[in-house]
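What follows is subunit A paired twice: with subunit B in the first complex and subunit C in the second.
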Partner chain A sequence: MNRTKRKKSDVLRRLWKDYKLACVATVVLGLIILLVILSPVIAPYDPAAMDLAHRLEGSSPAHWLGTDSQGRDILSRLLTGGYTALLGPLCVVGIGLAAGVPLGLISGYTNGRADNMIMRVCDVILSFPAMLLALITVSIFGRGIRNTVVILGFFYIPTIARMVRSNVIVQKEQAYVEACRAIGFSAPYIMVRHILPNCFSTIIVQATLCMGYALLDISAMSFLGLGVQEPQADWGKLLADGKNIIMTNPILAVSSGIIIMITIICINLMGEALDAYFDPRRKKV
Partner chain B sequence: MAEKPQKILRINDLSVDFRSEDGHVHAVRNVNLYVRQGKTLGIVGESGCGKSVTVRSILWLHNIKETKVKGEILFTKRSGEQVDIAQMSLAELQQIRGNEISMIFQDPMTSLNPVVKVGVQVAEALEKHQKLGRREAKERTIELFRKVGIRSAARRFDQYPHEFSGGMQQRIMIAMALACNPSILLADEPTTALDVTIQAQVLKSIKELQAQTGMAIIFITHNLGVVAHLCDDVTVMYAGQVVEYATTRDLFAAPLHPYTQALLKTIPRLGMEQKKLEVIEGMPPSLKKEITGCAFAPRCTQCMEKCKTQAPSVRISADGSRMVRCHAAQI
Partner chain C sequence: MGKYILKRLFSILVIFFIASVIIFSLVRLAPGDVAASIAGGGKTTQATLEAIRAKYHLNDPVVVQYGVWMKGILKGDWGTSFQMHTPVLVLITSRIGLTFQLILMGFVIGILVSLPLGIVSAVKQGTYTDHVISVLTTITAACPAYFIGMLCMLLFAYRLGWFPVYGSGRGIWENFYYLFLPSLSIGLGMVAMNAKNLRSAMISAHESNYILTARAKGLSNKRIILYHTLKNAVVPYLTISGLEMASMLGSTSIIERTFSISGIGSLLVDAVAKNDYPVVQGITLVIVVLVLLINLAVDVLNALMDPRIRIR
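So, the complex of A and B:
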């Protein structure tokens, strides 16, 4: 008991020693997530309540970050806007992983007709700019955050499937796979129990990178008016709103831009650290 | 059981062709050999002579798309039933693999999955073939670890391959292979990647375990010392063919094939006068082309005119225990 405890603190100390930046990033991201979760309690105003008497106000003790063109409190909107901006990418990447990982596994391991079919479909999807496709599909299926997330998630599938496939192809040639076959394991068992765990490090890294991209994509979609709808707040949409009033009250654009930037940097730093952590060449025995 | 019962595995006329971009490679050509129950068969020969390919055929591990395999691999199951592995479905094969016949590989470092706990890797073989529950499988695994000479086995169960030395990793591979009490263990140069002291330890363990379980072993090696020490029978392979088959005693006492004779001469001996080591001049022939005459003829010191044009046929001794493929050999 005592021993495992000591071990745990050791692990934390080592993590801090090796990955200072990532640790800071984790704390910052944790803080942002905490603030967003607590936003219904700590937001000073109702984020949708308009107060036309106090439009476009600058920073003041009443409104720390001022108000937007409809007199809504920017700080409150920023806090609640984090919900979609943080949960959205999670769902997008979740969808991408849920379909991309099995497809990549099958594709890489079978290496035959199934592989060809899956990869050619992926090629077709990847040959178009994803944003453009997402724009078109969202306009067809109707705007709104749910459609945006599902469709963006769909367009993340080929990227993830390809990445997983390339990993599986490398792993498949490793001696341990032959050893597994010599023990009598079936192909699906080897894929899931033995090859997949060897791909985890790259999958995690790719997932964190995709989170950053997804946040940007959702923001962009909201910016274009397809994602989050009025009066709901979202960082991307706040940025779009801020653009209109940037000359009169730049706080909105600047603050939402900065929070997006900080979040993405934090996620990417974590991804980089995970990459280093899972790379066996860097791991000392 | 039509065959004599003591021959647990018989390979008849096995040929393996690999399809590659620049033509076929005839890696194994008409190999015949057998393994006696509970005995050890050594397969020796230089790199690329088809030793590994032959052994991998026994478990049917080749990539089916790129390989053409002909011949019979007759195996007597525990139930006494004789089956031809070459005719088996994948599902039947997966019942045999790791259960009745298992294999250990040359490099234990890469043959273990680096991200799965070693105990789990052994236990899952038990879960699959013996239908054990997780807890039982774990207990059996720890028992196996002790048996193959891994100390503090219970603690070692939860460690990863990189936390073990090469010798210990090979012991884990052995534990994995022996988990289901196979009747044949295929060992593909299991000690080549280990240093000499560890080699001796691992070989000793293998021998002890064989005495306990009564399994047969097919042992691929370059090391003739290991053969003398460990094997009951020896097969010498050259260019995808068996050139000589004999009991170890007979082979070392009186090698019949010129290649075997040359191989035995290359062994450095203690107390040998300071002189250069013996070598066999030349290179083995390419396996992409058809070979006319004897495959060893270009390197053979006893080569005759006939050897270059006419492939030697197999000569078998009266009691069937010895076989040689040479024009010059007297049997």
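So, the complex of A and C:
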């Protein structure tokens, strides 16, 4: 028991030594997540409660970050707004992985007609700006956070499929795959049990980085009024609200922008550190 | 070279065809009656629906419908916006100039900032300067373009009064002034990716044997970096810049919305919010064509710079 404990602290110390920035990022992101999860308990006010007598107030002991144009407490809205902003990217990347990983595996391993078809479809989707695609599909299926997340997730599939494919192509040439084939394992078995685990590190890194992009995209959609709808709060939507009152109370715009920024910086730093951890050759000098 | 361009043109035509099919099927994918969604979703009489069905050949097979639609597009009949009751083509042509100027200015700013940053951080690799640049790019990479825009607006327009807060001026020259802040925020968005990629491309090019040769020949450091390393690192840089310019066409709607600029981006957002399908289709088609042209330009430029690409 004692020995394992010491080992654990050793690992933590080494991680801290090699990846200081990423450790700080993880702690900060963890704090943000914790605050957002605890928001129903710790938010000082009901985030949807209007109080027209106290509109557009600046920072005060009663409202730390002031109030918006309808007298709602900005700090409470910021805390609850993190819910969609954090859960959304998880779902987006989840959808992208669920379809992108199998497609990439098949495409990379079979390398035949299936590969050609999958990759051409990916090419076509990737040749459009993602934001444009999201905009026009939301116009068909209607606005709302659920549609936005599903549609964005769909558009992350080609990116992830391509990344997995290029990884599988490299792995396929390795000796262990040849050995598996010689033993007589079936193609699906080799793909899932042998090649996939060897691609995990790249997939984790890419998924982390995608999470940052997804957060940007979801915020942009909410900013345009197509994602999260009233009276729910979301960081992107708070930024849009903040734009309208930027003259009288810039705190709303600045605070919601900064929280988005910090979250994405943390995610990106973690992604880069994971990249360096899995592949020391790529470690920054 | 001619053969290479022809090959690229052909593949672009294929992609354009697929894209046009997708754009065409947009309205038909929408839940509910197609005629009703073309009519605008509100209350419509049976007679109107019949008229729409006849006009868009909705009772004919889908292939015929596509043919009729495409013929209209090629002839310049892009339909009529049912929100503004104006022909779509007129709406687009009257607003696209502003979007063009915004994106071109943003692109130039992005290049002017990212090129020196990338070169300096590669040359001064591992030094204090490199770290500062890396911090800057990490921050801009995480910053939504519209947030940069709002900060610029707050600082340079409201507080300092150097620039107009929003809107656009009259004529191209006045717009250079009006569009400066919007193009700055759209341009800074591409800096992080470009500078980082240029840095790593230059560092890997700098380790090549031909650089050693150049050094052995006694060339000056400046000459090696500008004529040998940069020339080889610029091909991936160009490709990424092209991609960034294409994605600017997607994100322009957000910036136009932030600064209340009436280009095609804000027109698209309005049309999406009001289910104005003809306008959505028209703008999407324009943007897709522009993206494909940008891709073609990038391919041709790359082939000119790197003979190996032509042969493949």
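Points to keep in mind about this one:
Everything that follows uses one rule, which is that the second predicted complex is superposed on the first by the 277 of 285 C-alpha atoms of A that agree within 3 Å, B and C clash if a C-alpha of one lies under 4 Å from a C-alpha of the other, contacts with A are read in each partner's own complex, and residues count from 1 in each chain.
Keep in mind that, in the parts below, contacts are C-beta pairs under 8 Å (C-beta built on N, C-alpha and C of every residue); 3 or more make two chains touch, one makes a residue touch a chain.
If you're wondering where the values come from, they're calculated on a predicted model, not measured in any experiment.
After superposition onto subunit A, the partners subunit B and subunit C occupy separate space and fit alongside each other. In the superposition on chain A, A:Leu135 makes contact with subunit C only, not with subunit B. Of the two partner chains, subunit C is the only one touched by A:Leu226; subunit B is not. Look at A:Pro197: by the touch rule set out above, it reaches subunit B but stays clear of subunit C. Of the two partner chains placed by superposition, only subunit C is touched by A:Leu216; subunit B is not. Of the two partners, subunit B and subunit C, it is C that touches more residues of subunit A.
In the superposition on chain A, A:Ala179 makes contact with subunit B only, not with subunit C.
In the superposition on chain A, contact of A:Ala253 is made with subunit C only, not with subunit B.
When the two structures are aligned on the shared chain, A:Ile265 is found in touch with subunit C, with no touch to subunit B.
With chain A used as the common frame, subunit B approaches subunit C to a shortest CA-CA distance of 14 Å.
Overlap of the subunit B and subunit C interfaces on subunit A: residues 285. On the subunit B side of its complex with subunit A, the touching residues are 59, 61, 65, 93-99, 102-103, 105, 107, 110-116, 124-125, 128-129, 162-163, 173, 176. If you check the complex, the residues on subunit A that touch subunit B are 112, 174-176, 178-186, 193-194, 197-198, 200, 280, 285. Residues 15, 18-19, 23, 26-27, 29-31, 125-126, 138-139, 141-144, 146-147, 150-151, 153-154, 158, 246-251, 253-254, 257-258, 268-269, 271-273, 275, 277, 280, 284, 287-288, 291-292, 295 of subunit C are the ones that touch subunit A when the two sit in their complex. Of all residues in subunit A, those touching subunit C in their complex are 123-124, 127-133, 135-136, 138-141, 143, 212, 216, 219-220, 223-226, 236, 239, 242-243, 246-247, 250, 253-254, 257, 260-262, 264-265, 268-269, 285.
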